[in-house]
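Across the two complexes that follow, subunit A remains constant while its partner is subunit B and subsequently subunit C.
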Partner chain A sequence: MHSFPKMKKNIFMLIEAFSEAFGLILSADADLYEILWLSIQVSLTALLISIALGLPIGTTLAIANFPGKTICITVINSLMGMPPVVIGLLVYLALSRSGPFGVFGLLYTPTAMVIAQMLLITPIIAALTYQVMEDLHKEYRDLFFSLSIPLDKAVAAYLWDARYSLITAVLAGFGRAISEVGAVMIVGGNIDHLTRVMTTAIALETSKGELSVALGLGIVLLVLALVVNGLVTTVRTRARHYGYA
Partner chain B sequence: MREIRHSGQPNLQIRINNLCLDMRGSRLLDQIDLILKQPGVTMILGPNGAGKSLLLKCIHGLLFPTWGSIDFDGLNKNPKQAMVFQKPILLRRSVMDNMRFADQGTQTDTELEQALDSVQLLEKIDHPATQLSGGEQQRLALARALLTKPDLLLLDEPTASLDPASVVIIEKLIQQATQQHIKSIFISHDIGQAKRLSADVIFLNRGQVVEYSDAASFFSDPHSDEARAFLSGEIVL
Partner chain C sequence: MRHPIIKQLSFVALCSFSIFSFADSIIVQSTTSTKNSGLYDYILPKVSTDIGIKVNVVAVGTGQAIKNAQRCDGDVLLVHAKPSEERFVAQGFGIERFDLMYNDFVIIGPSDDPALIKGSNDVSEALKKIAVAEAIFTSRGDDSGTHKAEVRLWKDSTIDPTKASGQWYRETGSGMGATLNIAVGMNAYALTDRATWTKFGNKGDFQIHVEGDQKLFNQYGVILVNPENCPNVNAAAGQKLIDWLLSKTGQDAIASYQVNGNQLFYPNAR
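Up next, the complex of A and B:
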């Protein structure tokens, strides 16, 4: 059991750490902002690639009928729950010098982190897209048949009419990417000024006892997560309110 | 083969040849043999589960018959069809955008507005379609279907549970469509409506055509016990 003075000291240390953390954020600390900027760059790049892959995969699974479709859906759904460290390990094996893509020298670079995050969130975006599109396809298909709508126009209509739900899926993917630590730690190596992102920096600074830096990054990450979730909620609420979702 | 001839000029002729539809091991439509020559509205009547909607979907091509065929004769062997569903399917867009989507750029906004005016929805032009009332949604669905200038209009209980004002508007539009030589096949549970609109009547029960005759004969002197019971308001099993 802790004595009261020790508890008091711990609370004081925590307040001091928070105060230093806010100081770092407000003073535009170069190291902190470098880490923040790299985190956003890596996660946004991974997100854009995942959108380019996940939306067509999800839409195809929802609309098209082909042999093995159920297996593909099962695989995509299973990949959603893939542990990030396993993805990190697989990407590490693929990009390491003895791996099939070792020749490109991508290990411990931001590109490797992008690949890991992309592999992590593409199944999420694809699976969420599939669910959204499948519901919409069930709702619209008879109408599109009746109006003789060509496939390209039908797909465009699905994407447009599902846009609010798809934005939610995309933001969920971004939230997952930016908060990822295990995979990027393995493939990025958490190298200062090169591959250090918010999550890996928090892990490092905490282990070093540098609580103010860890807390500063944690606050930024938390604010980012809150903004993303706030956006998701706002988009969904407004879309429902106006009957577009 | 049941056939009925009318004094009106033959326009679109629909031949349903020995049509059977099996689903999940059950025969839901059984040897439907009809030739629909009558212009105007062909009303499909029958108790719940008789197969009315299934027959309509087969005609439209949404369902493939297990057996038999449907052929169209007349000026156009592949007539343009439009269907209005019992539960209107509307895009998650504004009223006007729903019209634009169906029209595919062949008509001007003014023409689309006129079409909306005909169903008294001009004031709701910018409203989200899915937030309209049930009657307004169905009126929009009908206006959108007519926008495609169909030769054959299929209506699956379009006025079920609607307010009387919407029913009047929809019936008026269907009568106007008939004047424009659009053939309609209409499912209804409302016998009064069937009397007001129909030129001929198909009475279905348990997936079979029990009776097919012109409307006057059907309502004044139905031949089958089932049709007589149905018209007198009894529950037909």
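Up next, the complex of A and C:
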């Protein structure tokens, strides 16, 4: 009956939250930059390691033939859907002082967060690489074979040909890494000035009921994603431009 | 990988992780209320200037904090569930338990107060009214200190709310803040420590309905994790922190923390 004015009031509150959030971004302080920078560092490091692992794994699966290959592919495809919180739990148990790798004292450090994110996104990059490379291999295998082109040259040609699709795979991995909260919360501990990243900060502010602050941090994270994707798109278009010039 | 910018970035990223290792730092496994209320933000800079120790706080529920400390993933335990803390020490996981400070629990709820408990200072009576009215009550349900206290309060009121789990009794399985957000969203009652509630920013039209009962007393304790059980424990630094917290300086610092003119924690170390 009287729900309409209430709804109007609530929409107004949402707009107010957004404007407060933007205000907070404009008045961004050193703490915010520290958190943002750590997010980028952790996710970028995890991404680089995942590329170093995922590209060879995906390529090998696409090109080599060995027993159990189908099982490998199924496992990697399934690992793409692994919930971050489960990865976090596994890494926690492994790095805990009473776990097998406890002696290294890595729990509650950024390194632990890198390990968790790396485990999370390596299957994504490997699976997407496999998909792209397999399609190319099917198409060119016979041609390259008839021309007696050695395998390493063929793989190099595939990688070059698939570079745009692979960039998309890498972006998917980065997006997953920088946006996940479940794993880094468990293995990082959301420690102020040590392991607090954007997503755990958002979770903390939400739990404090500071919803505008949380929203502001969310917008910053979104802007970061936009910048990264914008940069990649620019590089791609320019590369294409020169490629066809 | 051959791109120089990527190489540089990864170098910077890897190098900057190592800068934390040389400081004398310890990990405190803590309940969430002391963090969410802003107490650590207020006293830890003082700790750093007074005794030169960097304190890293991992704030989880009391139950999880105790489990983490049992696995040696912390140097100091700061929680609020006395029986569990005493068991922790008795089992050899901790050296000694000290009373640190206290505050109290309150029952908060919507201003229209469907169970008519406003102004009560008898928590058993209020919980009975909530159960009779089948008014929605959100429970932490996560084995935290507040959850343990809540379970004890229901027991005292001779009601077993878990029979109505999923109906009017809703266990969120989440932290205090998340549970308060859910309570506000569902027009539900909830038990919370006063500190978290005072600092909470999403109160809506919610207010404190029940307070002042002896049973709502909330004691915080601090324990050094036993280095005989966990050789990695930085016992010297951990003991220094505990000594500081229990000293007059530390106790005065705790007492002087205020939010909107309200004192949130009352030191009571002996």
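Everything that follows uses one rule, which is that the second predicted complex is superposed on the first by the 205 of 245 C-alpha atoms of A that agree within 3 Å, B and C clash if a C-alpha of one lies under 4 Å from a C-alpha of the other, contacts with A are read in each partner's own complex, and residues count from 1 in each chain.
Note that in this section a contact is a pair of C-beta atoms (placed from the backbone, for glycine too) under 8 Å apart; a residue touches a chain by one contact, two chains touch by 3 or more.
Everything quoted here is computed from the prediction, not taken from an experiment.
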item	value
First, second, both or neither for A:Gly230, with subunit B first and subunit C second	neither
Partner chain(s) touched by A:Leu194 [first = subunit B, second = subunit C, both, neither]	second
Which superposed partner A:Ser98 touches (first subunit B, second subunit C, both, neither)	second
Touched partner set for A:Pro83, first subunit B, second subunit C, both or neither	neither
Partner chain in contact with A:Asp161 - subunit B first, subunit C second, else both or neither	first
First (subunit B), second (subunit C), both or neither touched by A:Glu139	first
First, second, both or neither for A:Leu48, with subunit B first and subunit C second	second
Subunit A residues contacted in one complex by subunit B, in the other by subunit C	none
Sites on subunit C touched by subunit A in the complex	1, 6, 9-10, 12-14, 16-17, 20, 27, 32, 36, 40-41, 56-59, 71-73, 175-178, 180-181, 199-203, 230, 232
Residue ranges of subunit A in contact with subunit C within the complex	41-42, 44-45, 48, 51-52, 96-99, 102, 105, 107-111, 114, 189-192, 194, 204, 206-211
Touching residues on subunit A, where the partner in the complex is subunit B	139-140, 142-143, 145-147, 153, 157, 161, 242-245
Complex contacts: residues of subunit B adjacent to subunit A	60-62, 81-83, 85, 89, 91-93, 101-102, 104, 128-131, 145, 148
